[in-house]
Amino acid sequence: MSDVIVYSIVSLSLLGVLAALILYIIAQKFKVIEDPRIDLVEQELPGANCGGCAMPGCRAFAEQLVKADDISDLNCPVATNENMAAIAKILGKEIAEKEPLVAVVRCNGTPEFRPKTNHYDGASECSIAHSLYVGESGCPSGCLGLGDCVRVCNFDAIHMDEKTGLPVVIDDKCTACNACVVACPRDIIELRKKNKKDRKIFVSCINEEKGGVARKNCKVACIGCGRCVKECPFEAITLENNLAYIDPFKCRLCRKCAPVCPTNAILEINFPPRKEKKEKEGTPAGEK
Amino acid sequence: MSKLITVSPSPHMHGKDNVKKLMYWVILALLPAFLVSVIFFGIGALIVTAVSIVACVGFEYLIQKYLMKVKPTISDGSAAVTGLLLAFNLPTNIPVWIILIGALVAIGVGKMSFGGLGNNPFNPALVGRVFLLISFPVQMTSWPEPVVSRTQYADAVTGPTPLAIIKEGISDGIPVSELMGQIPGYFDLFIGRMHGSMGEIGALALIIGGIILLARKVITWHIPVSILATIFVFTGILWGANPEANADPIFHILTGGVLLGAIFMATDYATSPMTPKGMWIYGIGIGIITVVIRIWGAYPEGVSFAILIMNAFVPILNKYIKPKRFGEEVQNG
Amino acid sequence: MNQAKNFTKGFVRENPVFILMLGLCPALGTTTSAFNGFGMGMATLFVVLMSNIVVSIFKDFIPNKVRIPSYIVIIASFVTITDLVMEAFMGALHAELGLFIPLIVVNCFVLGRAEAFASKNTLFSSVVDGVGMGLAFTMALTMLGASRELLGANAIFGLQLIEGDGMLVFILAPGAFIALGYLIALMNKLKKD
Amino acid sequence: MLKTFPKGGIHPAEYKITAGKPIEVLPVPKTAIIPVSQHLGAPSTPVVKKGDTVKAGQLIAKSSAFVSANIHSSVSGKVVKIDNVTDTSGYRKTSVIIEVEGDEWDEKIDTGKTLKKEFGLSGEEIIKKTEEAGIVGLGGATFPSHIKLSVPKGKKAEVLIINGAECEPYLTSDHRLMLEKGDELMVGTKLLMKALGVEKAMIGIENNKPDAVEHLTSLAVNYKGISVHPLKVMYPQGAEKQLIKSLINREVPSGGLPIDVGTVVHNVGTAVAVYEAVQKNKPLVERLVTISGKSLKNPGNFMVRIGTPVSELIEAAGGLPEDTGKVINGGPMMGKALNTIEVPVTKGTSGILVFPENESKREEVQNCIRCARCVSICPMALEPYLLKAASERGMWEIVENDKALDCMECGSCSYICPSRLPLLDYIRLGKSNVSRIIRSRKQ
Amino acid sequence: MVLTLFVVTLVASTSLALIYEVTKEPIRLAALERKNNAIMQVVPEFNNMPNEEEFTIEVPGGELVLYPARMDGELVGVAIETFTRRGYSGTIELMVGLLPDGTIHGIEVLRHAETPGLGDKIETDKSDFYKQFVGRNPGDFTMKLRQDNGEIDGITATTITSRAYCEAVQLAYDVFIEKGDLK
Amino acid sequence: MEYIVIVIGAVLVNNIVLAQFLGLCPLFGVSSKISTAAGMGGAVLFVMTVASIVTYLLSNFLLEPFNLMYLQTITYILVISSLVQMVEIILKKVSPPLYQALGIFLPLMTTNCAILGVAILVFQQDLTLLQGVVFAIAHSIGFTLAIILLAGIREHMDLLDIPKGMKGNPIIMVTAGLLALAFMGFAGIV
């Protein structure tokens, strides 16, 4: 064996041992008590320290994961899905099994039902138009149609229907993230229980004005007449401030309320067609 | 009333200036310098300018229409300004295919990749120019002789710019006084009878253009003045220290792209700071880097690089140098 | 895991260079020509493969505390081996790649594979992963090298297509970034389709 | 050199078409619609009910909070309804609707024209009367005037500033008021000085009204402590903070009030209203409104009862022109476009502008070219381009740190932008979000 | 923990040392062969072992290595490993072959870091620049660029590299003339 | 003078990231905000300097005397990774604020080509210890300059609408390219 080999083995091994020893001693001496989960999470992470997560290193990312309430949009480009699942398990942060929800747009004021009375020419944002005035129709609660909700959706689950000027939610894509609900300045969008076959039955109006006023501005407004309340066998409908509301968790989709509404403000979607009656007027083009 | 009335947030009145007008004023202000080039470089100036403008506008149109799929906005004139300024930065005997590459880089890489008008962090025309300078050093550094009323395009007689003569000479240890004999006199430098890129030669014409822009309030004075003053002072100090190894400040101002850069290119809105204080720092930075490159660098000319380098600092200047807010620091008397 | 998918994932979907943006230094520093890019890619492939193998065999014997240092030593050994072998038998390429051969050791992509994959998977999976990812890396570097060579020197794999020089920028640093930028854009588009 | 503020400002075309038109009195309307919220602050509470008969000048809604103001009937007649009616804000608000019968005034009120110069009241009494009369700032913000007059403890007013700048294009009501009610203005100013306990008052007038400057200067010699100052024509010369800077060279600190620098600003109309309230017991039931527009047949300056529908005012000015595209309540820079002309004139209505169709639509928007014009003209030295971009992307931290809340919505930035960006639209959005965030932080 | 790391490093160092031993010779040979190839390119045919007769000469800034090439003991040429530090990007190393009378027989570039596409044209397979030197005796002509009043056409846009190249060759020639008594 | 040449060369002319392609992963990974970019710069400055000193001593007193240069890669990386870990542990205990500012970037250093690259270059270029230190400091300043400029432009781009296809990594690459293009102007200064 030549010298070089001996030297190599000796020096490298010594160096390795030395490094390990020094590290061990220092680690003991300078121990800092931290959330033990950070270590666990860090072990699950790839440890590539590549900065791909936009954090300065895996440990920082682990800390962020431990701290964050919602880890769904923290992402490590190197880790596999299994890694992330394991981390979620450590942190116990997977979203608890909830009743599936879906966003529902509660305005049916298409141009035919709700004529334009003026022309809006400001920046194309619902929030700006909303803070300015009632909107292009006379309804102070109706959809402004400028698509704030569409812009905030990260899942392409909501789009504007060209014809009706109203947003349409694609149930399969919607993750019920609540972004659009927050974005809508008029609180038109609601997360409702997701029923079988995406069936929905709801009052598609949130106007709280008196019946006459509301109806003057929009033919399909809820006028607060209370007929649906009386009709509902399950007491799922309440009437407050001239507005009927169907509780999605009490409603059993019996469809009795819809036909009695004089303004067709109650929409039923994805149901088989009614036998006796012909197509209802109030169904929006986009949601048939 | 049958029509619908319009509702919009205030204000309900609007000023008269718009982007298009501003851009056409820049083009107008560049015309005197363009005429000087036509006089001294003849047909070459016409061809280079025409090709460059058509290519820039054309690429912008094609990219917007087919790649970005948005409505083309070429009529705002900004692509034409870029084309014109790119042409101003090229020798007038450059092969047409090189101009096309330069235009594609200027518009495609320098501007549209960032989203077009106003979004680009770097001056598109200079991106195009520097890209060409580094890619085709031979073609980009042979300038045709300035002779009145030339008619052929690719002229055989080429020569170095005054700056190159001085730089080469100084590095060979020849005293400046001797070198000055090899370059045109100050009057010629002033009217533009020298070797150089198409638009950088006519100092007088460029100054007239600058006055037009200032008078029309298209640009403010801060950037041009700070650049010129810095270059003047810096080269003045060097010259004062050793007049035989350094050219005088007037020479530095009149030659190369200093005036073109200071008046037309450093002032490009998208790539210059938003506040007067920021503009000063930006201008001084350009001045210093220009001189450093001219005196110590590999290139005889440094304005293009200096502007691009300072472009990179602009976001930081905008972030940390804010206007003094009204009521921020109360000094009541 | 489906081995075919395991093998192909790196080419587009999880491409280390275009999508994950890892190992960028060699990706840009060595790709002045298609051949150099290919050479660097193969050198990296060798290191990834070998370290994946070793790590996946010995994963159970290495305690967690010294996991990273041990992996680094393992990788560094294979890098040194590559370095020595290339110097001995491929002198010209070794000279071209220069500093970037020893730097394979800090290429986060290599460590990432060992950590994220080999330390948790079977030998066979790790081999497939190593070869797949290594080839993907090679492909990326070769593509980048080829496009830079094509634009910068009018040539491909040293074969002159048009007489004369190309756009020199692409051989130099700025062109490397720009070429990679547009290649990534292209890849993103492919990934979507 | 004329006085002006040092930073920013623009000079839009003035179009003071009605400057030469003397004040006309608009006939009493058939029905008056009087919203209970015509001021900044909480709406007042109605004190009449359906079926009541009221006289002009009678209290019909009472101030309900600290920042709020009394509302008086502007006509005599019968209350037919208390209902939600669209007002100038574009939303339906509680209003008292009165069917007019005759024109009978509350007996306490002196409706004569004779000038009453002398007064023996104390400051407190003046403030009390101002409060009772429901006087709010007539310069646009409709902030209840008595609050501004009650100087908080620890602060001291040194000088009263009377705002006669009228820097908005088109509007001429303050101009006419200064010409035709100069003496009332002077007495009103003296009353305000007394209320504030100051010895000095300065009237600032933009120099495009030389006749008003001259007239008031000649009157001022008879009133001790009042001086008149011509100002450079520069929008927004009339904005409170800018006016203070121009006249006494003090800067109201960010988030502060004029009183922080020892001054209070009142509009000329407010001063006249205070005169009438104190000397004649007349509450704020009518105001001077400029109605103007390039295609109006008979533009003018009208004395209008509060509650008169805008449509009647337009009829008086020659009817709505065929080419109408937009109707604005207020000036072109800060006014609010109406979505219907069936809304009542309120205390804050300084003008009604009728814009032809071709001037009503905004032009096409382009990318921000970063020309820095908006930065250089912003009188508050803000960076509108940045605030807009940040608001658009919901980056509220930037919006807050870069002082969006200092923006006074003068509209100069949107006016000047060569790319036609709706800067102010987004800045408003940013302001409202930042205020919301700050409020929730405090809780 | 320490033990594991010890074992890992032990295994690593042992295997590395072994590989090193194995590759040491090939690496040395490869380097030698590159040098010999260069020598062969630049001098006429020889049958001695020039690298065994090599000797160095100190010059300012470094040293030149001279490899005498002999045919049956007769000196047929000298390969000189010369350099210049005035390249565009640092040092350029050349192997210059001179005939006994000083005529340049051939030039090879051993190492340089000039810009690809510009300065790298000094490489023999990239342009004909070197041919201007071959077959000429620096004693008979001014081995400088035209702009320096010489007879060499520089590579376009690459004045600095071309000038440096001339200098390196000149240095080899000067040393050869001065100390080149090799017979 | 010699040191000035080293500094200007390293910061402007042969900028470590823009011209030499070292340390690109952190350049792109940690440049989304100016503040983090500055923190990263500080951490690089510290580690690069210390690492260069330690590896200098290692090569000159152990590896070269015993003819072990072929172990350069493996020993350097071992030394750097333990050094980084050591500093991190100590910093966390001794100065939590400093740890928050710089320490959190430390783990990134082990896989940063720039650190190992500069350590190797110090040896390859035959520098003295002092020159090596200046060399390392200058290179880290060059790194910091580049990353801060890039972060500035990236923050600026957050307020713009970058076209869909270019959004994210592509445009950052192109921006870095244009930055490198601008820096070519410094060519030849030293």
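General remarks:
To keep things simple, chains are lettered A, B, C, D, E and F as they appear, and every chain counts its residues starting from 1.
Going forward, a residue touches a chain if its C-beta (ideal position, glycine included) is under 8 Å from a C-beta of that chain, and two chains touch if they have at least 3 such contacts.
All values derive from a computational prediction rather than experimental measurement.
Among the other chains, D has the CA centre that is most remote from the centre of chain F. Per-chain Cα centroids separate chain E from chain F by 34 Å. One finds 42 Å separating the Cα centroids of chain A and chain F.
Averaging C-alpha coordinates per chain places the centre of chain A 50 Å away from that of chain B.
Counting partner chains per residue, chain F shows two or more touched chains at residues 25, 28-29, 70-71, 74, 78, 82, 110-111, 160-161, 165-166, 170-171, 174, 178, 181, 184, 188.
Shared contact sites, meaning residues of chain D that touch two or more other chains, fall at 90, 336, 339-340, 360-362, 367, 386, 422, 425, 428.
Residue numbers of chain E whose C-beta contacts span two or more other chains: 1, 5, 8-9, 12-13, 16, 20, 88, 118. Pairwise, the chains that make contact are A-B, A-C, A-D, A-E, A-F, B-C, B-D, B-E, B-F, C-E, C-F, D-F, E-F.
Of all residues in chain B, only 1, 3, 5-15, 17-19, 21-22, 73, 76, 78, 115-119, 220, 269-270, 272-275, 318, 322-328, 330-333 touch chain D in the complex they form. Residues of chain D that touch chain B in their complex: 7, 10, 12-13, 90, 169, 241, 245, 249-254, 256, 261, 320, 324-328, 330, 332-340, 353, 355, 357, 359-363, 366-372, 375-376, 378-383, 385-386, 402-403, 406, 409, 411-412, 414-420, 422, 424-425, 428.
Listing the residues of chain A that touch chain F in their complex gives 3-4, 7-8, 11-12, 15-16, 19-20, 22-23, 26-27, 30-32, 48-52, 54, 56-60.
Here chain E touches chain C in the complex through residues 1, 4-5, 8-9, 12, 15-16, 19-20, 23, 26-27, 30-31, 34, 115-118, going by the rule given at the top. By the touch criterion given at the top, residues 21-25, 28-29, 68-69, 72-73, 76-77, 79-80, 83-84, 99, 102-103, 105-108, 111, 169, 172-178, 180-182, 184-185, 188-189 of chain C touch chain F in their complex.
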